[in-house]
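Quick notes on the structure that follows.
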Amino acid sequence: MEQQSLKSKLSVVGKTTVDIIKLEGLHVWIKENHILDGIDVNIPKNKITCIIGPSGSGKSTLIRSINRINDDVDGITTQGNINFNGSSILTSDTDIASLRTQIGMVFQKPCVFPKSIKENVLFGIQHLKKLSKIEKLQLVEQKLKTVSLWKEVSHRLNDKAISLSIGQQQRLCIARTLAVKPEVILLDEPTSSLDPLSTRAIEDMMVKLKEEYTIVFVTHNIQQAKRIADHLIFLCDGKLIEQGSARAMFSCPQNSQTKAYLKDEYCAC
Amino acid sequence: MNRQLKNKLFTYATWIAVVLSTTILFFLFGVILWNGLPAIDLNFLTQASSNFGASGGIIYQIAGSVLMVLFSALICLPIAIGTAIFKSEYLISKKLHAIINTLIYSLNGIPSVIFGIFGLILFVNILGMGISWIVGSIILAMMILPTVTLSTYHSINSIPTIYRESSLALGLTKWQVIRKVLLPQGFSGAITGLLIGVARAIGETAPIMFIATAFSGVAFPSSFSEPVSTLPTHILALAQQATNPDALQNAWGSSLMLVTLVVLFSISALIFRLKHQTISKR
Amino acid sequence: MLGLTNKVGKFYVYTSTLISAFVVFLIFIILLINSWEAISTIGLDLISLSWNPAKGEFGIISMLYGTFVVTFIALVIAIPLGTFTAIFTSEILASKYRFVVKSTLELLAGIPSIIYGLIGIAFLSIWFQDLFDLQSGRTLFTAGILLSVMILPTIITLTDDAFHNIPEKYRETAKGLGLYNSEIIKEVLVPIAKADIKSAILLAFGRALGETMAVMLVVGSIDRLPSPVLNWLSPGQTITSKLGREIAETSFRSVHFSAMIFMGLLLFSIVLFLTILAQNSSKKTERLYE
């Protein structure tokens, strides 16, 4: 309830950038490994934030901390704070399941459930509220159109989702997440196992989606970040090297490491 | 809130199940230890039984059990290895593979008492071998055959194809590849399977009680065609005199000894499996 | 020389396989031949109530009834208890304890059935005798309860494996959509593991039907239906307990012997059918040595 009212207050503020998520001094250890080392970043509302960095830099751990999907990883310790809409989500009384309906997530490899295409789209939302048959159909159509999958699958909504191509499956996963109507969507390298065409389709979709959603997008592909990012976060070896508006960072990075990485994809840290 | 409540109730339900299951399972171990330990001393382990088992020890029962499973392992091993090699290296047809698998699993599922009456009809009566421990060994070998075969098969089958191809490319014959490259690895699987199989075989009563054992007055056999006494059949005989406290006490002692043997074989199997685990998958 | 060892090897491998494959058929044929006497001379009278060898009556109904009642009781208790325990060990228990739990369960599954029988005689039957004020605590119900404990480890390990083999990505995806743990288990994991759970239950079913020693010691061994028929707190008989008690005292090739073997054949066929069903239900071929 409190978050609802906060949300409406925030929307009054309007066009000026508002940070929907704030990470303050976030440390994460997995067993003895210090994966994230005191990260302070902001995620601006209704923007695409890209997190870049070499592999092993902690990009995935960072994004997975935001909806606490990391909680169940064996031997994990988290310290610091994450604020979402002004309140901390790392408290012990946070209802994690309902948090995850507000902060949705799409994973690296598409994961469709062994059910039909239609059931997959409705999978998350049907737990949140009762929908009539017509509402369900409308929702399925609307979400599949948003991810431009409707034309390809409208005649076979009851087919098994596993029969789709990998690129189609990933778009279906995005539609499934959209159906829950989260405020934030986290995407963890969603295009890394896809062909170039599907990758482009998803990038275009992201640019459209930021009107309604806040998008956090992990990628190891600098060109991709350049094409879609509004805000850029550069991690290396578990540390935040630089963050800022994408345009500024790409044109004149403040940090020499950032400069080297953006130019040669090489990071000496 | 409703969904959250349901989630909580569900978690409680699993907790109740776990507490119940663990209580039952620990009760079992506890009972065997609690009743068995007072019955066991050096005399019990080293003397022959007397007075229909109510007094004396269980040395011949231990010897009989170990002898019987040892021979069942010896009988089972070559057949299991041969079948495993066939399944892994010679069999190409998928259909035949499925049929052989079905047969192996069926053999594994056959109730133990059926093995007993099968042995009684074929070996004891038709072939006239009489009630003898070697019949028991043959029957137990049949029972553990599926376990040993599949364990061997999995360890041979997990060797990457590249090893076979590179050996063949060096001019080795198929059989040489099997002997030099595949068998050394397959053997560790066979031993693991044998240990698991023997752990099961040594506790079996139903398959051997009418074909291989006598209940009392039996010492170490001097030929293949004599009956022996074993731990499980000894426990059975004593359990039927459960009103006699001495007999019951010895039954618990024999049970603890039997469980100890089973656990020893199982743990060796576990250690062997962990030690020789194959890293590569085919 | 090389060609010869190659041939000998091939011969060895083929012979072993033939032996392995042949055993099941051999058992079936031996049982069939030896029950033929009963089938041909007694015929449909096998399916009657009275078993009295002295009068030449060989009705197997009460043994069949006992077998199914005991198995039914065992499954009704062990399936829910085992499945929920497996859900706990696979989905709720931290993975670092898993090895210990699995090993304990495998050890328990390895306790020989004769020892369960001893526990049944020394404790369970005496408890039930006092609790229900019975003449004797050796009843169908006692056997069913004991059997449920015996098949519990089987159900737990196999079901736990079924859950544990589901890739982590399904759980994470469902979590990402804001589902609670119970919803993930009910709507994602159970449907995926269903085939394997089914096969675990079928295997446990087969094992319960064929269990001999423990049942034989506590079932009471009386060859008639309880009266009233649903009074399971009265002694009964199962196929296995009948075979275990009587076969050694029956002379080979008599009608009596043949009627006993006929029951064995029946049991063999039912268990074989269940095993094949279980095998077809589970797509994996790995599970066996537990």
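Structure notes:
By written order: A, B and C. Residues from 1 in each chain.
What we mean here is this: a residue touches a chain if its C-beta (ideal position, glycine included) is under 8 Å from a C-beta of that chain, and two chains touch if they have at least 3 such contacts.
Worth saying up front: this structure is predicted, and the values here are computed from it rather than measured.
The chain with its C-alpha centre at the largest distance from the centre of chain C is A.
For chain pairs A-C and B-C, the one joined by more C-beta pairs in contact is B-C. Averaging C-alpha coordinates per chain places the centre of chain A 53 Å away from that of chain B. Mean C-alpha positions place chain A and chain C at a centre distance of 50 Å. Note: centroid distance chain B to chain C, computed from Cα atoms, is 17 Å. With touch defined as above, residues shared between interfaces to two or more other chains in chain A number as follows: 97, 127. In chain B, the residues that reach two or more other chains under the touch definition are 3-4, 7. The set of chain C residues that touch two or more partner chains comprises 180, 183.
Taken in their complex, chain A has these residues touching chain B: 95, 97, 127. Interface of chain A with chain C (complex): residues 67, 69, 72, 74, 97-102, 104-107, 109, 111, 113-115, 123-124, 127-128, 173, 176-177, 180. Within the complex formed with chain C, the chain B residues making contact are 3-4, 6-7, 9-11, 13-18, 20-21, 24-25, 28-29, 31-32, 35, 78-83, 85-87, 89-90, 100-118, 120-122, 125, 142, 145-147, 149-151, 154, 173-176, 178-179, 193, 196-197, 199-200, 202-206, 209-210, 232, 235-236, 239-240, 242, 248, 251-252, 255, 258-259, 262-263, 266, 270.
Across the complex, chain C meets chain A through its residues 94-96, 169-180, 183, 187-188, 191-192. Of all the residues in chain B, the ones that touch chain A in their complex are 3-4, 7.
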